[in-house]
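These are the structures in question, set out in turn.
There are two complexes below, and they share chain A, which is joined by chain B in the first and by chain C in the second.
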Partner chain A sequence: MKLLTHNLLTSHVRGLQPGAGFPFHIRASEVRVRSVPFNAAFVARLLPRLHWEALLSAAESVTLPPQPPPPDDAEEEFLLRLHHVLLEVGGGGPFWGERSSFWGWEWKCLLWGGGVDPPVLGSPPLLQVEVGEGLTFPQF
Partner chain B sequence: MKKLKLKELESCLQQVDTFESPKVLLEQYPTRPHIAACMLYTIHNTFDDIENKTVADLGCGCGMLSIGSAMLGAGLCVGFDIDAEALEIFNSNLEDFELTNVDVVQCDVSSLPDSMSETFDTVIMNPPFGTKHNKGMDMVFLKTALQMAKTAVYSLHKTSTRQHVQKKADEWEVKMEVIAELRYDLPASYKFHKKKSVDIEVDFIRFSTRNS
Partner chain C sequence: MAAASAALRRYLLLLAQEHLEFRLPEIASLLSLCGGQFSSQQEVRVNSPFWILSIPSEEMARGLMKRTVCAKSIFELWGHGKSAGELYASLKNYPMDKMLPYLQPDSTYKIHIHTFNKTLTQAQKIKKIDALEFLPFNGKVNLKNPEHIFWILEDYGTDPNNVPEEPCDLYFGRWIADGQRELIESYSVKKRHFIGNTSMDACLSFIMANHGRVKPNDIVYDPFVGTGGLLISSAHFGAYVCGTDIDYNTIHGLGKASRKNQKWRGPDENIRANLRQYGLEKYYLDALVSDSSRPIWRKGTLFDAIITDPPYGIREATRRTGSQKESVKSSERSTENHIIISSSYHLSDIFFDLLKFAAEYLVMGGRLVYWLPIYRPEYTEEIIPRHPCLKLISNCEQMLSSHTSRRLITMEKVKEFKDQDQNSYLLDGQYMPYKGHNSFREKYFSGVTKRIAKEEKDNQK
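Right, the complex of A and B next:
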């Protein structure tokens, strides 16, 4: 499962805070990275709908592998990194949910490589970046 | 992205593997490639509800509609189904087609929480028609789909139930538009089927949510 799917499935859950039993608990024993064609327009459209806290903790719990090299353009670079996190990092599926729903699912993913790189997205957002039509979002 | 023609889409979808041993209680009938291609082509060309969108496919089975959506340029398509065997075939289809913009989630669609509101731009589905000890299952799927969709839900329902579906749509305050009446060719997949195949009349319906 991709982190984007994870993020969509965790969204709009009232009364549940990250860290306080957010629906999907990810236990990263295995993580897979596969390349997905970059679609800047799609990633940009997702921005306002993402749950940053959930994404950050999800990214941290899968201990993300290194990011792809950034191109020159800053916005493009951000979107490319986001694309990587949301769509290229994933674990093996499918998943079985307890109580016949997806609550409390564990992420049983494929073990990623031998070494573990330091998380790239683990730290809380520090920088606010302006993008396009005045859209503001945190920078990893 | 290269524009896919209807014929090309259909011939691609003919390569999709479907149920090896369909489960009668889950009403597992594959969406035929021709119908799937026509549905998806219309959703894409007439309503622009696939390209760069997040798409959910409820009761996806082996993934006919998800795979077609992915080919038409969905940003991400997520298939939901309860049956692990079907999802395994789905996953092997994904590998064969080398599609990377599709994800699969195993869960019971009828118990997806209400709180998943407007998570996906578009929901596409060929729901169980609710004729095998699961009466009303199509409406349970539809209700879930309408909660999940930001813009529109595309679904198949038996033409004989149209009035009932319309009543529910009014009740839930969504706009319902029958896009096409299909002859749905059900090949004999189960032992209790006496004829080789049977045509049933099915409506292809677009439901648009309040926001659109």
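Right, the complex of A and C next:
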């Protein structure tokens, strides 16, 4: 499963405290990185649908802690990093696992791809930036 | 009004004579996707293979043909008549300045004849081409690789038992582009890596993506994904795809194979491999095991289109996960031995859950496209499930047997979802007719068993 999917999923268990079913807890024993062609326009369209905090903590729990981006970080660079984290990092195979607690499903990752740089995700830009087709970054 | 229609140019669309009902919604959806619109002024005879469309630009016509699987070709219409004389008169009226760029002395061309419902001899064809001498064809004829292709199209009606001597409609036009009919062959289920019992025919799955107005960089979701056949057509059009299914074995590519002469599914039979077969792996997001009656998605608008074929309980079972109480019994469940307890899932509930889900999770203007099984003797439009946030766009029937059919329903989200909309279908008193969907399975089989009994009786006579 990709981190994008992780960001969109919530627990289907009924009767949870508000906000308790999201995000799923990730126990990153193994992570797989699979190269996916970069498509800036698609990543830009994903931005408004993301839960940013959940993504940052998910990226953190499978990889190194996020590093602040260099000050002259270009928009393309940001989207490229986001692309990597959302679409290229993930656990192998489909959703599987057991319900370990009342908090939702445990998410297990398979196989840490050897020799692949761990993803580094910076803070989102604070200013509204125009991206392609008149889309803008939301303010986080 | 007159000024607006003067800006539109007339194009002739040549359609394939199959899936007749599905053609108009496809063309209308694609025109709106290309930024045009399908107005009531269009001269369309629904059952004819020839439609005259008024479209603002050739670019839009080309955009339409990059997507359509219902239409074969599109032409810039130079002349149209009910007889040869009328056609020639109409051609002489076509502005010369619009013709000349394609008739230059340094260009090459050929003229092609297409007849519908009649076959002409070579001599007849040549005679018809020669009759067009009055047009200033200054270029050189090149049959193999011409720059411009002109078509004479003749319509001899749709009744094969009553073919008229002379065509009832004649058209002349400049060929612009072909549609995507070849996708039907190249994406054929016969050659697909991983299939299930109810894998969708390639043509219909492209029609579904077109009715759903799927476009590049969309996220398309199928809540009854099966082997992912419907995702393939969306991915072909550049959308990123994901799906869920309650069947653990299908998602993981385990269990018995659906193919004849193959007992078990191979190690690499999964949705990702299906996409890879067509070079579309980059559009794969994820396929998850999940129950569509219990949404697993975070609140908010997440999907640009939902395209699906829910199980009717005939060739694939209708199931959902059982209650907490039931699942306690299977406490030995573990990750190695994954068992999902499933209970029967009523058809009416499937469609309600689906509509509610679409109303909540589609982006504004996003479309839901799904199949609804119908017991024909009892069909009325009232039994099509509705939701206050979704507008019915089209409803096309495909026959399954004399008494059953399925209808491809396309709906568009037109209103923001609010929590009070969740159960609003219960309030407007329309719920009862839908209950009829539950007995579809019984009716389907009652018809079949009756027919078999009758056939056996007839054979004994």
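Just so we're on the same page, the second predicted complex is superposed on the first by the 80 of 140 C-alpha atoms of A that agree within 3 Å, B and C clash if a C-alpha of one lies under 4 Å from a C-alpha of the other, contacts with A are read in each partner's own complex, and residues count from 1 in each chain.
Following the convention adopted for this analysis, a residue touches a chain if its C-beta (ideal position, glycine included) is under 8 Å from a C-beta of that chain, and two chains touch if they have at least 3 such contacts.
Bear in mind the structure is a predicted one, so any value in this text is a computation, not a measurement.
Trainee: Mind working out whether A:33 is in touch with chain B, chain C, both or neither, as first, second, both or neither?
Mentor: neither
Trainee: Go through the superposed model and pick first if A:5 touches only chain B, second if only chain C, both, or neither.
Mentor: In the superposition, A:5 touches chain B and chain C alike.
Trainee: Can A:47 be said to touch chain B (first), chain C (second), both, or neither?
Mentor: Once the two structures are laid over each other on A, A:47 reaches no partner at all.
Trainee: If I apply the document's touch criterion, which positions on chain A are contacted by chain B in one structure and by chain C in the other?
Mentor: Dual-contact residues (chain A): 1-2, 4-5, 8-9, 11-12, 14, 36-37, 39, 41-42, 45, 87, 90, 93-97.
Trainee: For chain A, which residues are in contact with chain C within the complex?
Mentor: 1-2, 4-5, 7-12, 14, 22, 36-37, 39, 41-42, 45, 49, 51, 87, 90, 93-98, 108
Trainee: Within their complex, state which residues of chain A touch chain B.
Mentor: For chain A paired with chain B, touching residues are 1-2, 4-5, 8-9, 11-14, 34-37, 39, 41-42, 45-46, 87, 90, 93-97, 99-103.
Trainee: Which residues, counting only chain C, touch chain A once they are in their complex?
Mentor: For chain C paired with chain A, touching residues are 216-217, 240, 242, 251-252, 282, 285-291, 294-302, 333-335, 338.
Trainee: Which residues of chain B touch chain A once you look at their complex with the stated criterion?
Mentor: Listed in rising order, the residues are 52, 54, 75-76, 78, 82, 84, 87-88, 91, 100-101, 103-108, 111-113, 115-120.
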